[in-house]
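Read through the structure below, which is laid out as structure tokens, and then see the notes.
Each chain gets a letter, A, B and C, in the order it is written, and its residues are counted from 1.
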Amino acid sequence: MAIESDGGRRSGITIAGLVKLYGSLKVLNGISLDIEPGAFVALLGPSGCGKTTLLRTIAGLADASHGTIDIGDRRVVDADKGVFVPPQQRRLGMVFQHYALWPHMTVRNNICFPLRKQGFPRAEWDARIMAVAETVGLPTILDRSPSQLSGGQQQRVALARALVSEPKVLLLDEPLSNLDANLRDQLRRELRQLHDRQGTTTVLVTHDQHEAAMMADTIVVIESGSIVQVGPPGDILDRPANRFVAGFVGYDNFLAGVVEQLDGSAVQIRLSGGDVVTLRNRGSGLKAGQPATIAVRSEQLSLAGASQAPQESFVELPARVAGVQGLGRWRETYVDYAGTKLSARDLADAPPQGEQGSKVFVRIPSHSPVFVD
Amino acid sequence: MQPSSLPVRPWTGRFGRVAFRIFLAALIVYCLLWPMVMLLRGSLTGSPFASETHWTLSGFRQVLGDPQLLSNIWATILLSVGVTVGSLVGGTYFAVLATRFQTRFRSWITPMMVLVAATPGLFYAISWAMLANPSAGVVSKLLAAIGIGGLGQWFNAVSWPGMIITGSLKVSGFAYLFLVGPISAADRGQEDAAVISGASRLNAFFTITLPSLAPAYFAIGMLLIVAGIQSFDMPAILGLPIGIKTLSLRVHDYLVGYATPNWQAANAVAVLTMVFVASIVAVQIWLLHGKDHTTVSGKSPPVTPLASKGWGWLIDLSILAFAFVALVAPVAQFVIGSFQPFFGLYGRWTLDNYIWILNDRVGVGALQSTLIIAFVGASVTVMAGFFMAYAISRAPASFLGVLSRIGSWIPATAPGIVLSVALLFTYIKTPLIRDLFGTHWLMMFALMVGAIPIAVRAAEGMIAQISRELEEAAYISGSYPIPTVVGIVARLCAPSLVGAWLLISLWMAGTLDIPLLLQSTNSQTVATYAFSLVSQGEYSIAAAMLVSFLLLLAFATLILFGIFQIARRLFDRPRTAASTKSSLARENMHGN
Amino acid sequence: MRHSFFSRRLTIAIAGACLSVLPAMAGLAHADDADLKALYEAAKSAGEDTVSVYMPAAASNQPLFDIFQAEFPGITITPTDIFGAAMFARLEAEVATGKPQADVLSSGDLDFPTLFSKGYLESFAPAGVADLSKGYVGTDNSWYVWTLVPVGPGINTDMISGDGPTSWADLLDPALKGKMAMTSATTLTTSPMAMVQALAGGAIDDAWISAFAAQKPSIGKGTSATMLSVAQGQFAVAPFMALTVLNAAKAKGAPVKFNYLKEGNAVVPLSVGLMKGAPHPNAAKLFISWLLSPSGAKIAAEKLGSVGTMPGSPEPEGMPANHKLLVLTGDAMQAALKDWVAGQAAKFE
């Protein structure tokens, strides 16, 4: 399929001061976000954080209480001025969580629907349908009914329908959550490749950090209706801005301390046990004398029976083994460092890292993130 | 390549939208809420036709001072409670059979009950008045033929027991349809636990499952009691001849039972009846804490029906017996009766009754207008009910949603005869609409108002099952709200909407009380005319009238269905030509 | 009894008297064919193709309508079975909406003073009506008693083998106890009307009423329902059955017969009037004139069994020659019924 890379095709989205109230509940609490034309953005957060509401507000399926949204150079929402462009006039594509294929229409008619409604010339319909079916990898099932399709096929039909009218923006509302793990993985790759080929501005809603990291250029982490961090996947995973983001992207050990000294990207922290460690991956806003938190993933935490000389790659803390638990092919060893419980995960068939009550040294990678808390 | 801009439709403008909504709201208020205000006004003034208005409490004074009022209330309560209890027992029995037992005729039960429920009460009452007549009914004639004619005296539908049994048979259909859901969805885990603990399956059902269904029974019972209070046709035909007068009949009585109509008293009874029903509904809503659904939570594993052992034939027999008593016998009596010259005289077959109807201008007119009402009125009602239900379920907090919800309940609390009085007042006092008085259009309008609650309740259930994403996907695709609701939601509801249409058109044809005060010589429905014939003693002609109508309705429906099928073949091809093209291409390849 | 007819203000006074129909006297001026023809032409040229008639027991009058329709092709009768309060409510609605649908009102004579006082009746004098006895003419020529329906025992011939009751005294036969059905004796129905006529005519006395009440007649819902119950064999005799209603049932094969009584039979006087603002005034006038014409009277006698009020009207088949009819109309009937309700009615409660 020939892709026209005209300017109108890829629209950026600018959101400013968006507030959504349900009664006295603030579902969106002053969201401001710039999405570049052609970007692939993931809205990441736990359920109920407002990410779906944000997507629906962009789509026009929900209205806003305050704030503005621009898609391209068109203002689609200006809540305070009463501007609200209804969804049918926004020229978007969207894939719904449950696909929302119309069961009374064939696959072909499902895909054709946006072409009819948006006034595409009838003569082009067939070519466009065939082209988009090829793009999303739909086999020759156009004249079947959606109920005769597998989950993955339904997903592709929903995607084809969203793309057929060449929307300026593609919205994906947890599109993969109803598929089994293997298929989900395959479709993630395909979606990303599709984006790379077509370049449509894409907004994905997901609660899965791996999915967000795998697909998006930019991840927007949302908590309780507010954006807490925006950045490329690497930033979000390796430099979470706070304990919430860290927890959400998989950090499960937290050590509290006080900043002793700052030096470039390095930071010296005095921990609760009195030990002072130097880490090289500090977050912003740290100040000497202020409290800070170190976050470590349990699989990155290792234990050693004996201390080693100071190294660049990790820091060591003395601790005592509090317990060991097998978790299938994994094993978790719980240690106590000055009253703080930490867990280290390694493979169950590796040599044990220590018995209950034994003294061990906990090794923390020195690039572990540090943030104000 | 792309269209430069989407077509802007005038009504999508902000002003147009608001004006359209205000129009809809005004329509709902006028059609569904205003009549009740007019009824109240009528109870304080008197005849709707009086040119001057005198405010008076004399209507209430007369009614409250009438020693008959108490007996009217008791008759109303006795009838509705009796029928409710009877039909709950019948409904439960068959719901248990249908969900728990593996019997030969199990699959017959639901269709049978749907038919029983859908048969208008008027048809049923007339048929039973003929069937169980101590001297002329088929039952007593048969008993007399085998020499035990004396026993026939016991089979009299025109009596208290007759009315309650006949009512219970008919209402069992509704009770079953309401109960079968909760009974099959009841948490089987609890019952299984009791069985594991040593109870028999049947014992577990009665001691564990049934008590757990108490809230459902309560809600359904209240619904049936309210319906019983409102019923008019059954007591009018089976009770009135022996002096039984329910509140509904009392309203009618004040209007036609004396030398001249007493509007003040009739309106006062109507208002009091409304208050009575509304307070029961309020108690029900309060006790159920505003829960609309009576479904019992809990996932049920696939039902493994009990295989009936030695006594299976008994169950089969009971199903056949019910089918015979509740369906076959009344229908047979009706059809046979319509071919007899004189009700009670058997053995001489004649087409005279049908010929009489065909030669009777009013009879033919009644058939025509009832068909129009069934097709036009019921269709519009189903659509209006659908849109109201849509507003209720998709925008419950919006102005239109709230108004639709209230509007869909108000007519349901008013007995038909009360609604008839209220609508008469409303229409007579409205310029232009008043000019429609005496035409079948006004009766159709009144029947539509009466049927709105049925249509809305039916559509609510359908819409609840349609995922909202399906509409949102259409909006995103560029579809506007009304085309989306019609093309996606209504289209997906279509099979159920057709079912609702059939139910409502039968209801409209068989409803006697609502058009009663709006009828005129030239505008009769099958129901009002059949009632008039019955009160002249012309049962056979009335039966022929109703049989003719059912045949015409079935015939017209089949024709419409046929036209629809043909139209679908012609127009509902795939929307694009790709399939034909590719097959052409294939042929070309073969040609080459 | 509540809402009695008698509480109404009576604004009319007609010569009420106990009348008996004289033997046929030929040669008096009736509405003749020329008058009817003129009205028929007027109706046709006005495009009036129907006459809407409000009356009780409409279906049993069908034979009458059939003949009329055959005689005046292009004009059909549209009967509506409505009377009493329902008729008043209907007329009230029609007048209030300014669109009367009724053309002709035909009902028991008792309803007409009220119809007149409400202004529903149009004055109209058919040709030859001057010959009508004064007792049969309503105020300002607004209505006329056009026919008298004999009332007597309707008998189920399957249940009564012999002649059945042929005199008022026969109705007191103990064998009939519990086997008779009639309409309510305490409201304005045929039963009390028949008994007050018989009382006024001297056919029965107070003792008869007491003895008859002791026969415990069953009370049916109305004349039609009572007829049905006798036709079906629920009861053997309906002592106060209108002959027209009985004939309609008999024509359909019901095993019933009517007895004339040797002291004379009571009647139901049926009146007819023209609705003010009738949509089909010419056709309505034609129908009323026809009812009062010799052919109308002849058909009524032949097909329904009622006796025309115009002098010289024929008697129905089976009616003994010079048979006495016990007739009360107008004020006389009103007064007699008022006495009945105040006195004798209590015996039936």
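Heads up, the rule we're going with is that contacts are C-beta pairs under 8 Å (C-beta built on N, C-alpha and C of every residue); 3 or more make two chains touch, one makes a residue touch a chain.
This one's a predicted model, so the numbers in the text were calculated from it and none came from an experiment.
By the document's definition of touch, subunit B and subunit C have no common neighbour. Sorting all chain pairs by how many C-beta pairs they have in contact places B-C at the top. Each chain gets a centre from the mean of its Cα atoms; for subunit B and subunit C, those two points are 41 Å apart. For this pair, subunit A with subunit B, the centres built from the Cα atoms lie 53 Å apart.
Distance between chain centres (mean CA atoms), subunit A to subunit C: 92 Å. On the side of subunit A, the complex with subunit B involves touching residues 4, 59-61, 86-94, 96-104, 106, 108-109, 112-114, 116-120, 124-126, 129-130, 142-143, 158, 161-162, 165-166, 171. Remark: subunit B residues 1-3, 6-7, 12, 467, 469-470, 472-481, 483, 488, 491-492, 574-579, 581 touch subunit A in the complex. Of all the residues in subunit B, the ones that touch subunit C in their complex are 47-49, 51, 133-136, 240-241, 255-262, 341-345, 348, 352, 361-362, 424, 428, 434-435, 437-438, 517, 520-522, 532-533, 535-539, 541. Chain contact summary for the complex, subunit C toward subunit B: residues 2-5, 8, 50, 52, 54, 57-60, 76, 78-82, 84-86, 88-90, 92-97, 99, 101-102, 114, 188, 220-222, 224-225, 227-229, 231-234, 249, 252-254.
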